[in-house]
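Common to both upcoming complexes is chain A, partnered first by chain B, then by chain C.
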Partner chain A sequence: MKKIFKNKKIRNIIIMVVTIALLMVTPVIFTSFRSGNYYLNVINYVFVYAIAATGLNIMTGYSGQINLGGAAYFSVGAYGTVILCNLGIPTIFAVLLAMLIVAFFGFLTAVPAAKLKYHFLALATMAVGEIVNNILIVSPGGITNDTHGMFVKALDLFGLKLSKDSQLYYFLLISMVLCLLFTFAFIKSHTGRACIAARDSVDAAGAFGVDVKKYKIIATVVSCIMIGFAGFLFAYLNRYISPDTFAAGKSTMFMSMTMLGGSGTLFGPLLGTILITIIMEVLRGLPGAGLYLQLSYGLVLLAVMMFMPFGVSGLISNIKTKRIIKKKRMEEMEKNNVGS
Partner chain B sequence: MLEVSHAFLNFNGLQAINDVSIKVNDGTITAMIGPNGAGKTTLFNIIAGVYKPDSGVVTLDGVDITGKKPFEICNYGITRTYQVIKLFTGMSALDNVLVGMHINYKLNFFQDVFHTKKMRQLEKETKERAMELLRLVGLEDYAGVTASSLSYGQQRLLEIARALGSNPKLLLLDEPAAGMNLKEKNDLCDRLRIIKNMGITILIVEHDMSLVMNVAEEIFVINSGKNLAYGTPDEIANNKDVIEAYLGSGD
Partner chain C sequence: MDFLKLVLQLLIPGLCLGCVYGLNGIGSALLYKGSHTINNAQGAIVGLGALIGYSIQQGLKIGLIASTAIVVVITFFIGVFLQVFIISRVERRSSMYVVIATLALSLIISSISMLTFGSWTFESATIIIHGSKYLHINFVNVDILWSNIIAIIISFIAMISIHLFLNRTSFGMAMRSAAMDSFAAESCGVSVVKTRAVTWGIMAALGALGGCLMGPLFGISAGIGIAMGNKGNTGAVLGGYGNMYGAIIGGLIIGMVETIFGYIYSPYQSAFTYALFLVFLLLLPKGIMNEKAIEEG
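Take a look at the complex of A and B:
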């Protein structure tokens, strides 16, 4: 038994199989006891927010452009799909069309964003968030039903209706895994590497033929599409959308999830989402919940920025790198000692 | 191969480059030296496209490249390292070299991001080539290490490996030995010779005289934005004007 666990390949396979099995039976376990549905509901929200945070991470983490207006793309994805569905378009086409709209919208913001830096970019993206939220409230032509919001029908996938949390669970889980896989493929591609290079040194990236502006725009558009996709999932999980659900607080929440977990790392945003959700759910139960909720946000963000600017994942990978370096240096020292 | 003729550049009244002409011959290691503030790095930046000269012409193999943007210069076969290290700090050493090879990638977005067969094939080839370059500078064991975790000397070597990625004709090295210890400097000399033997011409700006005298075949001396002397290391070492510029005149 010990030998099996020493073999890395076999160990990884075992871990993977166990994880998949656990993820598959989760809804069965949680629906078997009374308050289980509540937890399942929370887990579903984690999937949705994790997708949004992972998407945001492509822009902020991998291409180095802060975005404090994430909720804008989230809401365009949500409202876009719901409105198109209400027009009688099949869900799958409605989603694709809505993603095209989000992409176009992302492109509109990406072009000026690629020229801005630091707090100017932060303010500009924040403004985008506010503008979109105001459009939802004003509701031109009544399409967003202003502050009353819209109720959303159950998700209809090729005639398969997903309304219960236990049904949505698998769909959301698969969506999140696919989004993580896509992000992995993206950062391991030449395009992804060029984006990261442009983040780390604009000058050097330019000197090696990387068109910095182009890659920043690509990262932003990809990021917005993923956030928009999360918006669509949110609409069908929440079953109700209103301008209130997409206020500036959502943008900050996505940002803090990304930062806490570790921006610029693959699993950071997921980790951050889980942590923030746990913090929120625990605090929600305390008296005066509203006050503590906001206060804890501020404190968590402050602490992260001060003590671990690269988040939890950054901290872990930092320790790993240091270990490799230390090992290398020790080896070299030994080599030198033998030589002399 | 590279020729800068009668370059002038003025920074808000400061005449940084005041009629400098240099000529780098094919297949040589040429050094550019001069006291602090002589305008060496400024001239470097003119060649690399960071600054556009007020007047003067830069040609590479007879092609006029004056005033081209840095990302275009790369396509003409000139790459560089920086005096102040500008690595992609968050990326691994290998990835840094891969970005240096960026102009070799001719794939569309979808082929690339969805890792099609063509992309995987290209990726495999480029990774092998990148590993070769890391081996050339002696960093093959550090391929997976984040660039920011490398030592100062290693970071300089990584910059050289990255600059070699795009198969340049001319390599511009801006103070590659700064912050290196004696052993690292000697290694660097050997490595520069190997790079030269690969058919790559090198233009180097360096303060460390022993390194310059050791490795350079031709030397340009620049002082106060002007040409001061040109010759072989021996000629330069015995040149009265050069000694005066570095040590001050006798009276």
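Take a look at the complex of A and C:
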């Protein structure tokens, strides 16, 4: 038995099977006790925000471009799908169309943004976020129902209605896993490696024949699509969308999730989302929770920037490498002792 | 005559707004020249300065100008403090981190000032001359707030004194040399650490000065600064980022355009200003003063 656990491959497989089994039975466990539904709801939000943070990570972490207007793409994805669905288009086509709109929108910002320096990209994306939010509040023709917001019908997938949290759970879980797999495939692909090279050094990447601008644009569009997809999921999970839900606070939330977890790592955004959600749920009961939340985002971002630039996952891998180095040093010392 | 009245009624507030944006723009220009970073926390500092000014007015029962002078001194030290204890530590890694760190500072400062002062709008003290808040111009029969006129005058005095400080004093010279080439300046005996700290101090003080002067116009709340900081940046981009004089001109233009646009059609006022910012950033990246700061390569 001990031998089996020592074999790394088998151990990994066992861990994976146990995780999948746990994830599968989670809704069953949570719906069995009274306040369980609430926790299930929180977990669903974690999935949605994790997708958005992962999307943001492609742009910020892997391509080295800052985005402080994530809420803009999030809201375009949400409003796009809901408005198209209200027109009578089947959900799948509505989502695809909305993603096309988000992609086009991302492309519009990406093309001029690819030539901007880091600081000004931050300002530009912030401006995009503010403009989109203003248009949502005072929309042309009132298609977004302005400040009243819109109520969203239950998600309808090929006649399969997903309205309860336990039903949505599986859909959101699968979506998140697919997004993580996609991100993994993206960073391992030729395009992804080119993006990472361009992030690390524009000049060196250019010298190796990487078209830096092109890959920056690709990374931005892919990241915008993923954030927009998260927006669509958010609309059907929250069942109500209004300009307030997509204010600048959401952009900073995504940013702090990505940064806290560790930008440029695959599971960092997911980890960051879980941590930020815990903070959010703890602060929920306080009076003036919004302000404390803003304060905690600020403190989290500042702490990450000052003490752990690669986030929590960077901290973990740092500890791991330190342990390995220590081990090697001990081994070497032992060898020397034996020698002498 | 009606047209002239309208022009005056739009011109003076527009000029006043423009001066405040210009003051914010000067700060970001000095910072960009000095350390190639931007400051997202400027807006929050403006709001904090205005609130401190209000509490001084209430606590010491003094007028607008005296309280503003005290606020300028306080915020100067706040700026120095932020640079020395927070920004300089982040700056060592990469200027990229400063963007996010200042954003974090902005969130922290604005939420703390809202938690301590509340999120409602306070009524600021105004300037009363000859027993009236307004300057009455008989010629066109129009009333103009004295505080607007005083704000314009004080802003111009501040701008001129910054200009003189940078060009005529030895520390100003040191600051300019550090901005030009920090390595060379350091080897000539300029303390770059000091000049950077003072840059942050000046930036915070100018922003807070603007915030206090805007008090009588909009009322004082923690939120007023956010738009002001962003519009100061817009003005700085329009003038050519990193150029102090460009920032003043850009700020004045933004203030005027915004006032006139707000008069014509108000619902999209904020979207309009940000759209203007994007247009300048993307189509006119060198700005009026032909500064090559924004684009890569």
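By our rule, the second predicted complex is superposed on the first by the 312 of 340 C-alpha atoms of A that agree within 3 Å, B and C clash if a C-alpha of one lies under 4 Å from a C-alpha of the other, contacts with A are read in each partner's own complex, and residues count from 1 in each chain.
The definition used in the following text is that a contact is a pair of C-beta atoms (placed from the backbone, for glycine too) under 8 Å apart; a residue touches a chain by one contact, two chains touch by 3 or more.
What you see is a predicted model, and the numbers here were worked out from it, not measured in a lab.
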| item | value |
| --- | --- |
| Which of chain B and chain C A:72 touches, first, second, both or neither | neither |
| Partner chain(s) touched by A:207 [first = chain B, second = chain C, both, neither] | first |
| Which of chain B and chain C A:199 touches, first, second, both or neither | first |
| Touching partner for A:51 - first (chain B), second (chain C), both, neither | neither |
| Contacts of A:185 with chain B and chain C, given as first, second, both or neither | first |
| Doubly contacted chain A residues - partners chain C and chain B | none |
| Contacting residues of chain C [partner chain A, same complex] | 32, 37-38, 40, 86, 89-90, 93, 95-97, 99-101, 103-108, 110-112, 114-115, 119, 230, 233, 237, 241, 267-268, 270-271, 274-275, 277-278, 281-282, 285, 293-297 |
| Interface residues, chain B side, partner chain A - complex | 48, 50, 69-71, 73-75, 79-80, 82, 86-91, 95, 98-100, 102-103, 105, 107, 109, 112-115, 119, 123, 141-142, 144-146, 149, 162, 165-166 |
| Touch list for chain A against partner chain C, complex | 66, 68, 112, 115-120, 122-124, 126-128, 130-131, 134-135, 138, 202, 252, 255, 259, 288, 291-292, 294-295, 297-302, 305-306, 309 |
| For the chain A and chain B complex, residues of the former touching the latter | 182, 185-186, 188-194, 196-197, 199-201, 203-211, 218, 264, 317, 321-322, 324-325, 328 |
